[in-house]
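As written, the chain order gives the labels A, B, C, D and E, with residue 1 at the start of each chain.
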Amino acid sequence: MSLLPYIAALGLPLGLAVLLTWAQARSLVWRVMPFAPLSALALALLGDMPMTAQAEWLILGLHLGLDDTSRLFVIFTGLLWCAAGATARHWMRDDPRATSFGVMFLMAQLGNLGLLMAQDALSFYAFFALMSFASYGLVLHSRTPQALGAARLYIGFVVLGELALFAGLALAGAQAGSFLLTDLRQTALSDISVALLMIGFCVKLGIMPLHFWLPPAHGAAPVPASAVLSGAMIKAGLFGMITILPLGSAAYADHGTVLMAAGMVTIFAALLLGVQQANPKAVLGFSSVSQMGILALGLGAGLMVPQAWAAIVPVLIFLAAHHALAKGALFLGTGAFAAQTGRVTRLVVTLALLFPALVLAGLPASSGGLGKEALKTALGAASPVWLPWLTVALSLSGVATTLLMARYIAMIWHNPPKAPANLAPEAVLLPFLLVSAASLALPAVWGTLAQTVAAPIRLAPSGALWPVLCGVVLAAGVAVFAHAQRIGAGVFLSQLTAPFRAFGARADAIVAAKRRAARRLGHSIPKALGETADQWRLGQTAIAGLIVLTLAVELRTTLPAETAIFPEQQQHPMPLQDLTLTPDF
Amino acid sequence: MSVEISPMILSVFVPLFGAIAAFVLPRAAALIGFATLVLTSGAVAWLARDVLAAGAVGLPLGGWGAPLGIDLRADGLSVAMLALTSVVGFLVSIAALDSLKGPEQARQRQYFWPLWLLLLTGMNGVYLSTDIFNLYVMIEVIALAAVGLTVLSGSRAALQAGLDYMYASIFGALLFLMGVGFVYLQLGRLDFAGLTGAAPTGALIAALALIFVGLALKTALFPLHFWLPAAHANATAPASALLSGLVVKAALYVVLRLAQYMPFPSENLLTLVGLMGAGAVIWGGVQALRAERLKLLVAWSTVAQIGLIFVAFARAGEVGLSESWKAAALLILAHGIAKAAMFLAAGRIKDEIGHDVIRDLDRTPIRPTLAQFTFALAAISLIGLPPSLGFIGKWSLMEGAMAAGYWHWVGVTMAGTLLSVAYFSRVFAGFLRFDRVRAPVGEHQGWALADAAPLTLALMAIGLGLLAAPVLSFIEIGYPFGVAP
Amino acid sequence: MTDPLVIFDLLLALAIVALAAASLSVRDLFSMIVLFIIFGLLSALAWVRLSAPDVALAEAAIGTGVTGALLLKTLHHLRFASGTLGQKAAYGVTPVAPVPMAVIMTNAVFCGLITLGLVVAFLGAPAAGPGFDPLVAEAMPQSGVEHPVTGVLLNFRSYDTLMEVVVLLAAVVAVWQIERGLSEAPAPAMGEVWQGFARLALPAIVVVGTYLLWVGAEAPGGAFQGGAVLAAVGLLLLLTRAYVPQPAHRGIARGAFVLGTAAFALVALLVASGGRVAFEYPLDHAKTLILLIEGMVTISIAVTLAALFHGREPVALAKGDRNDT
Amino acid sequence: MTPDLIYGLTGVAVFGIGLVGALSAQDRLRRVLALKLCSVGAGFLLVVGAWREPPAAPDPVPHALVITGIVVMVSATAVALALIRRLQTLEATDER
Amino acid sequence: MMDAPLLPLFILLTSLLAAPILFALPERAARLRTAINLGMAALKVALVGWLSIKVSQGVIYDLRFEMLPGLEFKLQADPLAILFIALSAVLWLITTIYSVGYLEHGPHRARFFGFFSLCVAATVGIALSGNLFTFLLFYELLTLATYPLVIHRGTAEALRAGRIYLIYTLAGGLVLLLGTLGLWVLAGTTDFVPGGVLADVVAENRLAAQLLFVVLIGALGVKAALVPFHRWLPIAMVAPAPVSALLHAVAVVKAGAFGIMRVVYEVFGIETAQTLGMTAPLAALAGVTIIYGSIRAITQDDIKKRLAYSTVSQVSYITLGVALASPIAAVGALAHLIHQGLMKITMFMAAGNLAEGLGVKRVSQMDGVGRAMPGTMLAFTLAALGMIGLPPLAGFVSKWYLAQGGLQADQVWVIALLLGSSLLNAIYFLPMLHRAWFRDAAPEGTGAPGRPRIGWMLAAPPVTTAVLVLVAGSFANAPFSPLEWTRFIVAIEYQE
């Protein structure tokens, strides 16, 4: 198998990054920035799986390849990078540090795509590190104190993660006797190496308590960067676990337990932390943390019960895609929202944002709902002890996400993110809408896209509405409560009853006005009528009129046509003595 | 030789002799008048006993018998009217004793009694008559005496009102007389029995129209009410009570009677009557709402109430006439009693506080509480709240209308009731508001004899409602309208 | 029916209608009254043509004579009271806002319609309709009088007649009640000739009146006509100031007013014995009783009519008093 | 063409004329007179009703009724005129 | 014990005859008036006690006389009547004591107590009415007797309130007249018969029966203060405190609610009403009223106005219970008739005491009043907690049965409604309690300078009724408790 496709796929971002350092080519590079992952995408979409290539010659031997799993990752990651690139092109147009951003962006992209294609531990580690460190630049980009702090935190965790990963990979390689990932997967790794690997990847995933870096970083990075950070890059942690850990072959009950517990804590703790955030992107960051908790549940279950892994992994992939697209859409939407200047267009964007938000929250029949249901089903095969808890946690995670999404929607209105000064409002809309549409369409296309691993999703029930509803209701309640808190209970109550009072007052006023008018009329009309009647002596006229009327009425009724007014013969009508009148004298 | 005297002739002649005596002996007029009322009431009670015992009774005066002679006849309805007249008259007389006792009213006192007793003669005559020409003469007796009572105070307003009343009265009587002429022309006789079953011809239709309009004018049925408010509002209190409570009822009674004998109050004519009544209910109510003086308000309420009586009469059309008259009769009785009470109470209020401007009723520290209470009680009956007689009348009205499907009359009645609530509550508000009074509000001063008569009347108006069933069965004695109940 | 009489009837009818219309439309009130008096007299004539001499007499004496005198007196009073006495100018009593012509026209149209309706009704009525005549003819022998009209008035329908006297009584009570005070126009000056005429005429009129009363039993005439003629005596006495009512006479006057009513009613009541009802005079005494009643009623009528003409109750007043309310 | 027809129509006409006057006249005296005309009209009607073809005597009852009517009318007229006089006096004294 | 067939009449006469005597007494004869008042009230309680024992033994009282052909004035003492009559008798006694204290030096006492007696007579008459016609008679008498009480103060505001009251209630009465007539014409009788009298009519003339239902309920709904006819009630609270207490707890609104019961149970019959499809809309209307009244109550600062809106809400529980057409809900409704009366009268008397003793008329002035008037406020607290529905107070019992009834009738929304209403009750009552007990009085002005002097006649009645609230709730299952009596009635009405 030729290495060429891989060179094309990975060389394109690399080449562009290099070109970007050349001033003359910059504008061209920026123009094609959205298409940087295109070759990788094409490879993933068109290539026959599995396909591998190696360049033993490069460094310690570079093994690249794609299989059914990584291919899917490439697809949604690439898509997201495309959209982010398109956004970045406009976002960075007037940025003085655009070049450095572009380079870092492309490098991170290279790392991301590369690690998905890596087939050996070292290249994997390298791409992984490339991605992580390049991202540092993205996080740092704005150079604000906030960004600096976030970056500092970020880099600290990255370092920690890289160290753990490195140690883990090293140990694993030692135990497996090979650095090929396939070998690692088949080896029963020692507990410690698995633990180290888990730490490394969990830092990337942001599983608690290793999550601290994530929200600030996602909040601080520019919109296109945070979209890929949250959508694409953190999935590298998942991908790493799936490809490196010996899941499905060996049981690591303790690890699984820890991971699952952490996941569960993460789901809800992220909620608690997230709702306190004022920066909408930070809220989204916590939402990502929370969502990764869900993934952790699946991973943990897989660690605990290897038999269940086969059922779990397709779902995890789906969930990753789902989260990547939805969260990416949300981040891009945040940018799109920030780019809007008018209230109406903001409202429209908010409405559009509701779709990915609800998808994320797990609206039935959306990717969120399906994914969660599928996960539940898959987890059914795992530990029966944990199952009810998992089910509950998954369901409640819908509530949690809904709450976070509500918080997010509230916050983009309260603290609108800043957009670059001269950004055309409509420029960044297209990527956002594209990713949103992709997110919505995911359940529909997944079948054709994923083929072999799509079955659990196809079979999953559409999911329940109540978590979302609960979340909405709770959010509304909380909003009301917060509103009340802010303005004081008394004021709030009066606000609450204001419509009633207003209605009552209005009704009263209308009635009063009507009554006044009626009274005026009621006084003036009879007065005028009465006076006129007196003055014109209409009563007299009425006498005559009434006689005429009575005559007419009586003639009309008692004299039908055949009755003669001039009877020919008039009989004396009655006998003169009438006994009925004098019944008893 | 023993003189055999019928109570019927007595109930006409006793007041007549009383009037003569009161006129000849002005100093003793009050005493004579009072004694006459007692005796007349006795005669009526005697007659009522006879009627209860024997059903309708008749008396062919001169022994000739109708149609040549004139018959008197008393059935339940006539005795009920006689009783109404006696009772109300008696109580108004008591009130008059008090209200005319001042030295400055010597002249009024001197003429009040003869006129009132002549009025009584006329009314009792109407209720016993069975001859339409005799009715004409009786109506004229009533008219002259009533005009005399109207102008008793001698004020210019009263005189103007009295003159207008006089014109209307004469006019109405003349229309009636012309109608009598046509009846004679067609039938050759004038007794009620002769009217029964007569075929409708042009002459009789003309007679009907003339007589009906003449009576409508006399009873002040809208739109022929123009003379009434001023006349009743400007008369002295006892006179107002008599005029409003009793006099208009005489003409109303004749309408009822003629409807009993005249062969053709057709459906359309009844509709016309009902419409006029509805007009009266509305117009009278509206005018009462904007009346500025208490007595004027009460007078307008009379217009409305008379309208209501006619609505009751027309409530179920031609077919229902044999029942509708009872509702009308009940309302006549109710209104007679209550309105007399109300006018007397209004007079008492005016006497006590010195004016009867509704707007200023709440500015006076003097509160004739008993008179006000009486006024309120009378208003309850006039509005038609249970258990008053007015309520029973209204109940009968609406029941019949409903059963016959004449919903519009139900609507009119309800509208009239609401209007009456509205205009009477204006007065109540004046009675009960205290915050605009400058001086300390006077308390109830104890019982005043002058309040006894109106209070009794008002209590009767309320309490008779509980006795409606016997009253109803009484007026059915002799089967007016020929239908056994 | 001969032609000349029909023509006479037609002419008379035309004159009556024309006079009626003229009296209402003439501007001057005095002319109005004069035209009315002529109208009344012609009507009486018409009633003679309709073989109703009693009615004609009553109409002439009371309906036209007394009414005319009352109207003239009132007109005189009005002109005096409003300070226009002696002026010839037409006088409208109350200055009221004029009624629009449209309303008057409407009235006229309505009245025309009514009249039309009444004409139709009249034409439709039986020409020689049923009546009381057979009943009267049958009952006359028991009435105690020969003249049918008197029989009806004082026997068959004497209740009506009693009430009619009561109406008269009511009128005089009402008039005394209404009119008070001294503000009366001085009587129009009467020349010597009038005074002499009055002296001569009075006995004659009294005789005529009494005669009328007396013949009432057999021929046209009777209490009302006689009373009216006798009232003329009173009018003349009052007009010529031959008699000035004194407060002291009030009692007598009241007695005279009620005399007829009281006697009538008493008789009517007292005869009700021995199976008879009120107003049923015993056959043997019928004529006497009727004559008694007639006499009393005549006196009352005469005095009452005169009093109605005079108007107010005679009262004693200190000089300068204008009113005695 | 008999007298009853002629005078009957006369009566109705007089009644009608009186009616117009009673409704429309604004002068108090004239209204009284108009009413009197009406009563004469009514009298005509009754007298006409009583009339019989000459050899026969007329019905006496209507005659009696008309006489009663005349007396009643003169009473009413007297009262109305007294009212008018009294009112005029009051109005005149008020004005002065 | 002797049999006295005229017993209901005597009960009616104790207050009906008292009225003219009280009117006639001169203003200064205060002792005599008090003696008559209390004597009559005590006599009535005794007679009612006797009557209820007799009725529970199955004696039937039925007095009638004919007013119009076929139309009777009819008094009957059935268990339902006893329920209402006992309430009014007991509360009359208590309120009379309270009024004597309240009006000790006020003007127009003769008038006040006269109409007060008439008002109670009318209430008793309403309870004892054996047919709709008699009911109408007393219903109108009630309107007329309460009008002078509402405007007793004679101010412009009182007059205005009185006018609105009069217009609403008289219009309602007129509509009731129409309905009664309609019933008379349709059914030929107006008698109250368990199971209704209209079953036959409904079959052939469904629309007319439906119209009749709407007319009758609309007419009665005016007095029962159902939305949208409730407007008069909060306005009428300008009346003196004892009048408000009586109006809200016993007489007027209860007369309306009681009338609705009679109409639904004994004119139409619950099955017929259901067949007509009229109970569900009625229940919905009651639900709307419950919520609406509570919401409006929240923002009222005037104590009495808040209580008035609370009444709007609470009285509709009764209507709701009737309209749910389930026996258990009916038990709740009937029990609430009593319980709400006890609770609301307590609160109004307490509010009157606050106004009298401290001059406190607004919620915002209530800071620290609990310390100033502990007895009164304790009573108020008990009643308020009862209103919210805390066990073991009376309000809990009725709400519990209503909720059970809602379940029985498969109307789960009722539960939500009751919960929501309780929540709202808490929202508007608890702040009052919080202010009264947990806040310090304002240093000057609004607060109480020291312990106020109110006589025992003012202090004792609310405490008494509050104790009754506690007892009625705690001993709900004891014999002769309102609840037990209610079960007895429901067994009759549902013909079980």
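Keep this in mind: a contact is a pair of C-beta atoms (placed from the backbone, for glycine too) under 8 Å apart; a residue touches a chain by one contact, two chains touch by 3 or more.
Protein names from UniProt, one per chain: B = Oxidoreductase; C = Sodium:proton antiporter; D = Na+/H+ antiporter subunit C; E = Proton-conducting membrane transporter.
Remember, it's a predicted structure, so these values are computed and weren't measured experimentally.
When the partners of chain A are compared with those of chain C, the chains appearing in both lists are B, D. Across A-D and A-E, it is A-E that has more C-beta pairs touching.
The most central chain, judged by the distance from its Cα centroid to the centroid of all protein Cα atoms shown, is E.
For chain A, the chain with the farthest CA centroid is C. Per-chain CA centroids place chain C at a distance of 11 Å from chain D.
Annotation: 42 Å between the Cα-based centres of chain B and chain E. Distance between chain centres (mean CA atoms), chain B to chain D: 28 Å.
A separation of 31 Å divides the Cα centre of chain B from that of chain C. Those residues of chain C in touch with two or more other chains are numbered 99, 103, 107, 110-111, 114, 117-118, 120, 122-126, 129-132, 135-136, 156-157, 160, 164, 167, 170-171, 174, 178, 180. Residues of chain A found to touch two or more other chains are 537-538, 540-541, 543-544, 547, 551, 565-567, 570, 572, 576.
Along chain B, residues 59-60, 67-68, 133, 137, 140, 144, 147-148, 151, 159, 162, 171, 178, 182, 184-189, 201-202, 205-206, 209 each make contact with two or more other chains. Contact between chains, per the stated criterion, is found for A-B, A-C, A-D, A-E, B-C, B-D, B-E, C-D.
Residue ranges of chain A in contact with chain C, taken from their complex: 535-538, 540-541, 544-545, 547-548, 551, 565-567, 570, 572, 576. Every residue of chain D that touches chain C in the complex is listed here, in rising order: 1-10, 12-21, 23-30, 32-34, 36-37, 39-40, 43-45, 47-54, 56-68, 70-79, 81-86, 88-89, 91-93. Against chain B, in their complex, chain D makes its touches with residues 15, 22, 28, 31, 35, 38-39, 41-42, 45-46, 48-49, 59, 61-62, 65, 68-69, 72-73, 75-76, 79-80, 83-84, 86-87, 90-91, 94.
Across the complex, chain E meets chain B through its residues 23-24, 26-27, 65-69, 71, 73, 107, 110-111, 136-137, 140-141, 143-144, 147-148, 151, 153-156, 159, 162-163, 166-167, 170-171, 173-174, 177-178, 181-182, 184-185. Chain A meets chain B in the complex at residues 522-523, 526-527, 530, 533-534, 537-539, 542-543, 546-547, 549-551, 553-559, 563, 565-567, 570, 572-574, 576-578, 580-585.
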